[in-house]
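Just dropping this structure here.
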Amino acid sequence: MNPSDYLSAALMIAGAVFFLAGTLGLLRFPDVYSRLHALTKADNVGLGLVVMGLAVQAESWAVVGKLLLIWLLVLLAGASVAHLIARGALERGIKLWRR
Amino acid sequence: MNWDAWIPLLVIASSLLPGLIIFFLAEDRKRLRTTLNLAGALVKLALVCWMLWGVYHEHHYETRLTLLPDLELVLRAGPLSLLFLTLSTILWLVTTVYAIGYLEDSPHRSRFFGFFSLCVTATVGVALSGNLITFLLFYELLTLSTYPLVVHRGTEVARRAGQSYLVHTIFGGALLLLGTVWLYTLTGTLEFTPRGFLNDLGEEHRPALVIIFALLIAGLGVKAALVPLHGWLPQAMVAPAPVSALLHAVAVVKAGAFGIVRVIYDVFGVDFAAGLGVTEPLAWLAATTIIYGSLRALFQDDLKRRLAFSTISQVSYITLGVAIAGPIATIGGVVHLVHQGLMKITLFFCAGNLAETLGIHKVSEMSGVGRRMPWTMTAFTIGAFGMIGAPPVAGFISKWYLGLGALEAGQEWVIFVLAGSSLLNAAYFLPILHRAWFQEPQDAWPEEHHFGNKETAWALLLPPLVTALMALGMGMLASAPFSPLGWAQFISQREFYRP
Amino acid sequence: MGALLSEISWGVVLILLPLAGGIACFLFPRAAKVLGLVSVFAVLLSVSGLGWNIKVNGIYRHAIGGWNAPLGIDLYADGLSLLMLAATALVGFGISVYSADYFEREDAARFWPIWLLLLAALNALFLSADVFNLYVTLELMGLAAVALAALAGGRDALGGAMRYLLASLLGSLAYLFGVALLYHGFGSMDIAMLAVRVEASPAVWAALGLMSVGLLLKTALFPLHFWLPPAHASAPAPVSALLSALVVKGSFYILLRLWLEIFGPLGGGVDTLFGLLGTGAILWGSLQALRQTRLKLLVAYSTVAQIGYFFISFPLAASAGVTAWSAAAYLVLSHALAKAAMFLATGNVLRFGGHDRIADLDRVVQRLPLTACAFALAGVSIMGLPPSGGFVGKWLLLQAALTQDRWDLVSVIILGGVLAAGYVFKVIGHAFTLADISHESREVPAKMEWAALLLAFGAILLGFLASPVLSLVGIGVPFGVSEVSP
Amino acid sequence: MEALTLLHWTFDILLGLGLLWLGWRVLTSPDLFNAIVLFVAFGLLMALAWVRLDAPDIALAEAAIGAGLTGALLLAAFAKLRTVEKNHDIAGQLEKGKLENRSFQWWPATFLLVVAAGLGHTVLSLPHYATGLSAEVSANLKSSGVSNPVTAVLLNFRGYDTLLEMVVLLLALLGVWSISGSALPREAAPGPILDTLSRLLTPVLILVAAYLLWVGAHAPGGAFQAGAVLGAAGVLLLLSGWRLSSHLAGLPLRIILVAGPVAFVAMAVFTMLTGGQFLEYPRAEAGTLILFLETAATLSIGTTLAALFLGERPKNKREYP
Amino acid sequence: MSAAFLFALVGVGLFSLGLYALIVHAHLLRKILAINVMGSGVFLVLVALAKRTGESQPDAVPHALVITGIVVAVSATALALTLMLKLTAETGRAELPEDQGK
């Protein structure tokens, strides 16, 4: 293993941690809004880290570009869908969770 | 294909085509319908006469069409075929005239005459069939085309009669079909052959052949109204009189009896059948039917019902004749095919006349009817005497040959059956005649129609007179050439004496 | 002319023609009726072309794309395929003529494209020599049939169509599973190649089980017939006719083909099972038909019963192959004609009287003599009375059964005929009762009456055509070598 | 290497168990909505399985069609079902998305266990090595006009299947339109976010579709995947309230819908007129012709899938008075 | 035992599960899901066994067949869903008429 391998491993493991945290949040948080919060933040950063980890291994800049494109699209979709879900929940009258 | 091969087909077509056209005619196209009917009947008669002459001069008329890969539809005019064919053709002509008069102004005439023609087509087909499958085909067609005639009136009684008729004939048809296929799987042929086509079959097939015989006879016995398969026939008399006439004298009952003749002569062969030991039970069955029918007829007040039971009894003479399995009895049985037809059709015509003109349906209403309708009752009387077997009417000839044949075959018991039956015939016909001719008429007839100064319409009167005269003539001129008796002798010779 | 006829690859034409016709109908809905009729007529002509070709040159084989099996897909037509194609074209043409007057403008625009695509699917099915390709045609046929069955709308039709769709999809999946096993077991999807390679092994038995169940479900053999009566009885009359006369035959054809080529020679008791189920179908279907109070349901149950006859051939084929299979083929053909005629006649009755209650049929059938006649003639064939196609079929079947002393089957065949007579006359009887003439009615176009009558007449005519038809079916020896005839 | 194999095995077994578990949950979870969402997840897991089975083409198709579009269809149907059921809710006894949870039924379960055991045994009894038709495929790949074997099979060796498959799709649409009738374009009020998203994504999706179409000749991809992506774009547009203008909803739409089958039929006629067999492309032009076919097919597939999602036939005012 | 057979067995399992659900459940949407799960099972069997070539490249023919199958499945699903909706609009319940009130 050379240094770049270590770097990408570290980045990907960090990404996985974010995913784990996000998933935990999805399962454990009390209402729709806080779950969305946990999910989107964690996944966006987590995916970013994974993409970076993979980019280190990439053979060409074109591949890096494609990876970035994936990340961007997921960001866009994740944000939009989270917004739609939250708005739908509000419209249905689901109340915010308060302690 | 030469011209001779076309003639059997033309015979079929001469009633089939008019029938099909008539179906599509409007109710009020009476003239065209009548023309078609009569033209068809006359053409058929002409063709049949042509064939009669031809067969007498050793011509062969045979049509073959492939039906199944190894089976053909065969129409062949042999002596036996022609006997039945001539009978049906003549009686069709007569009955058509009668039906035209009888059904004046009633509804559904196109339907009626359509099926009427189909029915005759089927009968002619039965007569001309050259093998068992062709026979089966027309036999079933007969079932289908007579059902609408039986239920023609459309009443509840008619519906029930039709149902009974169907249950019997469909069941019989199924048995016949089964017997036929089975036979075919054993022999590979179904061609009607003088003295049968089973002679080469091995000993091991005998049990199967006995069952096949039973199946075939049961299938045919339904239409021939053998006891205990006769149940439909008395019910079917609700049909209009021309239908009853046709049913009893020409088409259905006769087709059954004719089939039995065919099966015994041309499928099994008389000797072979006798060897199997199946003819004797059949003879006993026929004898039972004869006595049973006569006994039942004795107690019927409804005229047509009494005639129906009489038919059951009389048709079994034919079966009896062939089941005795001797040359002379054969003559008696076969000739009775014709004689019974003529006499019974006369009786039914007359019964129809009484019903149509005076509304008489029961024997008890017939007092003095002889004076009101002398011509009709004269015809009736001739028919009745024929049935009893009194000379010189044709019925006598049949019974004479049957009796002789039984003696020749050493089956004396038949004589007692014949005698008993004749006595019974007399017992149920003579009271009618007595009442009609010698009792005072009642005050009023149940439902009288007037036909000017005639006793009834000419189309109703003429047919029974013609058939009665023919019955008389056949009795008196029995030994003339071309008489039914002559043909029957010709047939018997072929079956028994020719190598 | 002759050269031209044999130059054209008629099998391909038979598939592409209705396909193009269907697409054209879809594109130009206003002209759908004309386009549809022209296409169906052209298909009829093309079948004659193919028939002529096969008669002269023998078996038709066409390697699609120039690749041969196993890599590519072959089209294949022998006498049996030709028979099915001809039945489809003939019955399809009759039903099309009927439909031209039956469906009004908007309904016509819905009906014609789907029907033509169904025709394409059927033709493709009968011409296919590849088990996976057969799956695709099967799905195509099923979806088209369901879409047609739902055409009438309303609770009954939609429910029937839904049930039909589920049954059909389940059947296709089971079939596909069998295809998977056959391919992975023997490395080909071409029927002829499989026939050579297949040997008894768990994969074959499982494939046989799966494919049989799937196809039996689609063919509606008792006790898998549950979907058929509701679907067939609630569809518009021409659609019922198509479904009963042609669509169930599609899956039956596949089963027959697979059996003849692949599974039959392996032996095993499956044929006995088929015979038993066929027996059940005949008895159960006939009894149910007798019990029905609605005409369309009666006719639908009659289909259930008649399907049973096709399966009686399987146990009989063991030692009387050619006779038994010829019987099945003939029964399929004549049932197609007769049942189509029956459903069309029923459609006339429904349109004229507005109902199909058997008890109140009198007034309707007496005003529609041609329709009554069509029903009766079709009934003759269904009952198996001579002269009719049904009679020929039953005759051959009885012959096969009797040569093997299969009295159980003999009695079933006979009994089935008697029961059929029962339910046919239950209807026919109404044509001859006394009935009031006054009745509110809707005019039935002559074409609709004549279409039914001519189809029924075809079923009768088949009674006289056994020789030529069977010799045509024999091209390519689909049924194996003839046993010694009795 | 050992460790990697072990890892693979663990992964495969977990994936298999996951598939079975998800499948079970899809079919038994008491809430229908959950079931549908689980089905989408099931589809994605299937895509993973396809990748594990070296079937990237199917993975793409499964993700796009099996999970994506089927999921969209199911969710749309679920939403409509709610509305329909609400309209019929007379006595208030309606199952609100819940199934009356049918208790476990022993007879079918036992029967199916037996079936599963039998089939499992059968599958295991198959030979461990079998090349199927792979040798034939690679031998003829050169002359097929493309280098992706799956595309070669789909569009060339078994192009006839694909022709019929296009018809299946068309037929499904005909059925759907015939059953559900037609509707006039509705005015929907899309939210600004969804609107923006679809505006942003549609060109991307079209680009991706074009890419997949082009790349299908030599790498995973092809008409079906491309068509599915195109269909997804259509679904997105439909979701954000976009409707085809009624000028285009008639013949123009229909022409696009049948473009695929028509291209195939035209190709069939063309190949036969030029003396070849049915769908036998001239060897030299095979690649070009396949691309032509695929382009038409992609258009049709995408449009058809989107139309299937919409359900009702977009009404054109002039037709069917 | 290899991955090919592992996934093929999973396919068999999915097929049986789907069939069970198809028989047991009355709700039409559930039945449609069941059909889809069954379909996936069959596809899995088809493709998994294609891996038995002993080389890195699996047999491509089943892959093509499954792609065809997936498109057929989505077509059938669309038709089924539409039918279900129409039927529910008629009867008020997303079940087959005969199953209602059971």
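A, B, C, D and E label the chains in the order they appear, each numbered from 1.
Note that contacts are C-beta pairs under 8 Å (C-beta built on N, C-alpha and C of every residue); 3 or more make two chains touch, one makes a residue touch a chain.
Just so we're clear, the structure is a prediction, and the values are computed from it rather than from any experiment.
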Clusters that remain linked by touching, chain D excluded: A | B, C, E
Chains contacting each of chain B and chain C, listed by label: none
Chain whose Cα mean lies nearest the overall Cα mean: C
Of all other chains, the one whose Cα centre sits farthest from chain D: B
Chain pair with the most C-beta contacts: D-E
Distance-maximising chain from chain E - centres being C-alpha averages: B
Whole-Å gap between the CA centroids of chain A and chain C: 57
Rounded Å distance, chain A centre to chain B centre (Cα mean): 98
Chain B and chain E, separation of their C-alpha mean positions in angstrom: 68
Centroid distance [mean C-alpha coordinates] between chain E and chain A, Å: 32
Multi-partner residues of chain D (each touching 2 or more other chains): 119, 123, 126-127, 130-133, 137, 157-158, 161, 165, 168, 171-172, 175, 179
Chain pairs that touch, as defined at the top of this document: A-D, B-C, C-D, C-E, D-E
Chain C-facing residues of chain B, complex: 23, 65-70, 73, 111, 133, 136-137, 140-141, 143-144, 147-148, 151-155, 158-159, 162-163, 166, 170-171, 173-174, 177-178, 181-182, 184-188
Residue numbers on chain D that touch chain E, as the complex places them: 8, 12-13, 16, 19-20, 23-24, 26-28, 32, 35-36, 39, 42, 46, 49-50, 52-55, 57-58, 61-62, 65-66, 69-70, 73-74, 77-78, 80-81, 84-85, 87-90, 95, 99, 102, 105, 108-109, 112-113, 115-116, 119-120, 123-124, 126-134, 137-138, 149-150, 152-154, 157-158, 161-162, 165, 168-169, 171-173, 175-176, 179-180, 222, 224, 301, 305, 308-309, 311
Complex interface listing, chain A residues touching chain D: 73, 76-77, 80, 83-84, 87
In the complex with chain B, residue positions of chain C that touch it: 369, 373, 376, 380, 383, 385-387, 392, 394-396, 398-399, 402-403, 410, 414, 417-418, 421, 425, 429, 431-435, 463-464, 466-467, 470-471, 485-486
Complex contacts: residues of chain E adjacent to chain D: 2-21, 23-27, 29-30, 32-34, 36-37, 40-41, 43-45, 47-68, 70-79, 81-86, 88-89, 91-94
